[in-house]
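Starting off with a structure, shown below.
Per-chain numbering from 1; labels A, B, C and D assigned in written order.
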Amino acid sequence: MQSFGGAVMALYRGFATTLQFAFQKKPTVQYPSVRKQHAPRFHGLHELRRYADGKERCIGCELCAIACPANAITVIGAENAPDDRRSPGERFAGRYEIDELRCIFCGLCEEACPTDAIVLTPRFEMADYRRGSFIYSKDRLLVPPDAGVGAPPDERPGGIPADLGWVTEQKSTVDIARGYDATYNGAKLKDEHKGLTLQ
Amino acid sequence: MPVVNVLTDGIGEVNLRDIDVYRNRGGYAQWQRALTELQPENIAQMTSDSGLRGRGGAGFPTGRKWSFLPKNGRPRYLVCNCDEAEPGTFKDHMLLLETPHQVLEGILLGAYAIGSHHAFMYIRGEFEQGYRVFMEALAQARAAGFVGQNVFGTDYGIEVTVHRGAGAYICGEETALLNSLEGKRGEPRLKPPFPAVKGLYGEPTVVNNVETLATLPHILKNGPQWFASVGPPRSPGFKIVSVSGHVRRPGNYEVPLGTPLRELLEIAGGPREGRTIVAVQPGGGSSACLFAEDLDLPYDFDTMAQHGTMLGSGAIVFFDETTNFVEAALALVRFFAHESCGQCTPCREGGHWLEVTLNRILSGGGLDSDIDLLLSVSHQLTGINLCPLGDSIEPFLASVVRRFEPQFRGYVRRPESILVSA
Amino acid sequence: MIPWWAIALIKAAVILFVVVTTFAYSMLFERKIMAWMQLRPGPNRVGPWGMMQPAADAAKMMFKEDLTPETADPLIYRLAPFISLVCAMGTFAIIPFSESSAGIWGMGNVNAGILVIFALTSIGVYGISLAGWSSGSKFPLLGSVRSTAQMISYELALTMSVIGVLILAGTTSLVGIVHAQRGLWYIAPQLVGFIIFIIASVAETNRAPFDLVEAESELVGGFHTEYSGLRFGLFFIAEYLNMITVACIATLLFLGGWNPLFGLSIVPGIVWFIVKAGLFIFMYIWLRTTLPRLRYDRLMNFGWKFLLPVATLNLMVTAAVVAVTAG
Amino acid sequence: MTEAGPPQSVSLTIDGTPVTVPAGTLVVEAAKTVDTDVPVYCYHPKLGPAGLCRICLVEIERLPKLQIACNTPVAEGMVVHTHGQKVEDGRRAVMEFLLLNHPLDCPICDKGGECDLQDFSMAYGQGASRLADAKASKPKALDLGPTIVLDDERCIVCQRCTRFDDIITRERSLVVKDRGQRDVIATASGEPYRSNFSGNVTELCPVGALTSKTYRFKSRPWDNHRTATTCTQCSVGCQLFVDERYGTIARTMSVPSDDAISDGWLCDRGRYNIGFYADARRITAPLLRRGEQYVQIGWDDAVEAWAAGLRDALGAAGPQAVGVLGGGRLLNEEIVLLVALMQELGVTNLDWRAGRQRQATPGRYAGTYAELEAAQLILAVGRPPSQTAPVLDLRIRKAVSQRGARYVTYGGHAAGSFVGVTPLRSADDVENVLSGVERVAVVWDGIDLELGARLASAIDGWVARGVSVTTYLSGEANNARGAEALGMVPRSGGLPFTGMLDAAQNGRLRSLSIFGANPVLHHPLGGASVANALERIPFLVVSELFLTETAQRAHLILPARTGFEKAGHVINLAGDVLPVHQAHAAPPGTLADGDMLVALAAELAAEVPGPEDVLARATAALPAATHGFGDAAYSEGVTASKSDGMAAGKPGGGGLRIAVGSDIFAGGGTIWFDETLAELRPDPAATLSPATAARLDVHIGDRLDLLSSSGDDSLQGLVVRIDAGAPDDVVAVIDGLPEAPANSFADGDNVVLGARRAADALEPALVLP
């Protein structure tokens, strides 16, 4: 049992601490009227990228789905039709869905992706009234056709896909420290004090 | 001059394709003697005693090869390998064209010696004329009663079937040859089982080279001691060498084994005017090069093996100082890559790799690391193949890359290495 | 001539309005103070500085669905919040806020006011106990059992600490007690009693760190687990009214009521009263943000084995001193 | 392995661990007994060593070079190192060569995740390629045949596929073409790769070079939920893995360890007939006939209507007016329930024989698959096992090609086995080939009971002579043996199905319940007369997956579940009781037949055995049989075949006789309602011998009609095929095709040629090779 004086001191220190806090500056940001700037590699809403020629980068390999610790990604592959080639391989994602309610935004999908197709943008405002609307499918994940980046891997005549090893090699050239440029629907986002806005 | 005329006796002088000419010079006498006087075991014994080593490339003692046949009463076959395709070799073709009866007599003697009643003659597809000559000779011998049932009145019967290949180098390998004979894809078979145990059509089979078999009548005629007394004790006898390359008179020369290489060079007319020989490939495309300082070595199986190369099929190619060894290496590598059957991985992929690398070096895209790559790849594809074809790439390539590295370096234009560290 | 009952009604209406408003803003006050102490801005979206937050909360409470569990006793379940609320509100009829309110308006000038207040708060505990029991589920029942035990335990110490004041003042009239403090506030002679009063009153009003009756982390919500909507709101109101009541009593008994400090009689007495009571409420909030909830056995140990003996001792010493000085 | 000497054992040391294995064991197999990892690509336990990939290099002490473990037999005192610097170097070299031109497209490769090359490259790969030049470019997505796609860039030329086609199926259509780096897998003829076992090559392929069209890009291995179950497509009972993903069956795979039944192989029907369960035409709600139309009703109403119909029939005319036909789709449990319920109701008219097959139990000489493989002489009577029990036929091919057995057939059907076959035409021939043979296996199709009876007496004679005989019955229905063993046969004076049809024709059958059978397409009385009889039944209930020819006549159609959607047991033709597991969720609205029966029993307030009792009866060992082939107890008075009559003597006046055969992709039902099989389903064809075709002056691709000698029945629009192996004066047609149902024809019937159209007159698209 502590001494009476010790008890009083303990009480004093406790009450002083709380009182002192009452007069400190509050760190709270008045979102949404005030928006804080994100870290450059903030993990927000996903997007599926394209190549500069408009072809989807995603080859439907499902590596993101298996890398996902939250089982949030569903991919079902399909074969490219010769007259309607969606991606540079034989295979493309016939179905690509991310359940953003399950997603923990860890970015493992991005790291697992061999073609830099799935990336996490800094966008995080996804609130909605219906659960179903959090399942993002290809129509909402894919950037617009003219928003592709990077040259696609070579294709041989007749649409025979090139070796995907080329793409994997490109992957290793991404500057990990800088990360990806923040984009939204393919447009580059610029940094501003009040959050990231479209450039 | 050590040139002798044993197998080549009469070639260029008389028409040995004619059975009568051949018989008049003592032909088929040994065949008759064998059937009427000798037991198969006698011939096998004489062959063993003579120390005859296979002339096809591997140099395996013929007598011992025969002795591996199991005595199980199954039918057994003799196959004469006339799929001569080793780069630089042209002796069997000559024997086939010029002395078909001598070859046939050798086949008959060999078949009798191993107790076979059916011999096969496998002739390379490109030897169109040789095939016709041999068929003619066979028809003559059959007409003369040397081939068929009850030869020379004995109860011994023998059939000879002639089969033509389709031009694959790999069919010179004995198991691939057997596959080809059976009508299958010419791919070497997995050993074991060895052909002596399970060969053609699953029966015990011996495959002998044309020259080996053609030597048999002479051993019978002159006795094994005569043969054994020629040349070094462990590689006795005569050998037809096919000399080519930078010499004045390329061609087939029959010499006793053990003749120094320099003497062989002289026999072939020596180097061209004002040139010196810098390298020699002593045993066909599969053998490693010897160099100027090695020219005094005696040309026999064991000496060649001791110096890291081989006598092989007896095809000697001399190179003088004007040779572009990069191109020479590419020529041989391209040959082996093209002739690879594609069955086993190292040969199929490694040969192709070396070919594209050498092509790139020659076309100016060589890299600093390519020299090491050539040595490394050729080394790592050696010794792990199903058949010797894959192992044939390294010897020449590695020996010339090591010896003439500056020539190879001269093609390297881009010094940087593209190797990404793992 | 306005009939007496109309006047009484008007008075009651005025007091109720003031009381309810006070409740509302004391709640906002609590949220703000707590937020600041937790480095947050607190409610600030509804109206300027969040001033309309209480109105928004009230509207929300009113429109929420009122659920009654199947296992509940329907009558008592519905009745319980009203018992709590009526008792909590009733005390305000007796509390004198200032000289004028007590004199001219005749409010709170009851000669045995303190006893009435204790009587009313003691009835108020029935609201909680019955609410817990009638909910028909385990957590509320536990809450109500705790509530009853806690009330009985601390009521004793509370009363003991107040008797000291009564002895000094020699009256049970709250106006009289305030008048008796014109010179020296009783906080000085009755410091021990004051401290006991604070501790016991926190326990009486079920506020942190003695809020074991609700104890979200153990009992979900204690007695009001099953309540929702307006009925929950009534409990909520009652709790805050009790807090205000206690603050007023403490002001009246120990802090000199509306007596001015430093002789600043220019400032009206009601202002002094409100400031003192406000400080007391702030102390409540401060306690809540600073101290963690007690374990139940320690609460009981403390109440019976420490607080009650000390209160008794304090009473005896006071009585002795009064007897000696008066004698 | 012909001399079965005493098994000698050899002791050797592998990685320092002493091991004792039988003499002749390969090092790679011996290494499996210790905890070590010898990678292999070309080696496969069922295909034997090939020595092509060279990855299995091991170091053997006292041998200068590294040796391949897959072709080195163990020797006494051998010391083997499967690891160490030398071995690693060798394997690393081979791995580098293997990966040299292999594309790095694992992310899109169907094999990715279950690929040997991927796994071993993690162990022995270098991480970076030293190849500075472009990889060799080879054909991709090459259409090898109706089922297989070849990606030649991925091929590592292990030749497992070609060796499978050579050693196992003996069909020898797949070969390696060209040589060296340019070699490519192709068919020898250049024609598409067609085989009834083609799917196995995709499993054998150690890389992703050969892929199934049905599975291409559908899923990744790690997504699949795998269930081991029994194939219910035929009576062999192959064990198979069903890989399910997101409620769809992605693929089926063989069970490599299933040596006892499937030997590790699957036929293409078992493998690829997996699309039917999701077909849009599937019935998913009970349908009740209202006039000319069907209305969808709920299950409660359906069971009520069913019970009411049964009660009416029982009340009006007693149990004799009620019949039950339970087809081969039923599981043992369901049969037990059905039989018990009918016993409770007093119904004796039970039968399973909806088609030609009359008998399913091979009788007292019933043999196992292993005994079939060990036979010296295999005699197939009637329809060939290659079409009725394809995987069984692989065992026949194995016995013939690897164990030197002799294969003879009796009857007018071509064996289709790709091994040497001796067709026999008379009983004397059979006796002749038997001389000196000790172990005989007899496979009968169970159709012609009279022939079976004579076969049985002949077998008794052989057994009396000391010949060891095993018998097999490879019929049409998958669980026929289970149905027979569990009592799905006419009980104490009850009518067989043919009798029921007769009664229906005479108005004496008031109610008939059919479970998973399509007698209109299969019953030898012929589609028209069966349909006619069924239409006279006042209350016909059919439990089916689809609106088949039979279901279309029903008053109440009950949506059933497939073999993938329910659990239970079946009995295969060798008498093994095999478990069937539910591999994926059934569509809502359907019920397993067993569940329907339980509901019906409850509605009728009838007592049926409880679950434990049902399971115990369904999995009980088969009782020892005392009868043989062609037992009189199975007689129905219907002659479904005169195959024996056809075997001997000359045809009648028309000069042409019919042989009604089967095809693994014929038979309607699940095959007909599976669009993924469209390319594999046979067209109605007439197969003739070259001599017969010449005599009749018809050519390949012509279309012709066949008329029965009475002229009542006809088969129209048959495409002419010519097969050198077909017997003369016989026209072989395929049974069970809905376009040209041949069930009114019996083997050996005389037929005459009807109208014919030359191939040129047809649209080019209709002319098949």
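FYI, a residue touches a chain if its C-beta (ideal position, glycine included) is under 8 Å from a C-beta of that chain, and two chains touch if they have at least 3 such contacts.
Here the structure is a predicted model, which means the values were calculated and not measured.
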Chain whose averaged C-alpha position falls nearest the assembly-wide average: D
Centre-of-Cα separation between chain D and chain C, whole angstrom: 86
Whole-Å gap separating chain B and chain C, where each centre is the average of the chain's CA atoms: 115
CA centroid of chain A to CA centroid of chain C, Å: 53
For chain A paired with chain B, centre-to-centre distance based on mean C-alpha positions, whole Å: 67
Where chain D touches two or more other chains at once, by residue number: none
Residue list for chain B, restricted to those that touch at least two other chains: none
For chain C, residues contacting two or more additional chains: none
Touch-based graph of the chains, sorted into line, ring, star, complete or other: line
Contacting chain pairs - touch in the sense defined above: A-C, A-D, B-D
Touch list for chain A against partner chain C, complex: 14-15, 17-19, 21-24, 26-28
Contact footprint of chain B on chain D as seen in their complex: 49-55, 57, 65-66, 71, 73, 89-90, 93-94, 96-98, 100-101, 126-128, 130-133, 136, 156-157, 159, 175-176, 178-183
Chain D contact footprint on chain A (complex, rising order): 59-63, 65-66, 74, 76-79, 89-91, 94, 114-115, 156, 160-161, 163-165, 168
Chain A-facing residues of chain D, complex: 103-105, 107-108, 112, 135, 137, 140-141, 216-220, 222-223, 246
Contact footprint of chain A on chain C as seen in their complex: 33, 36-41, 286, 289-291
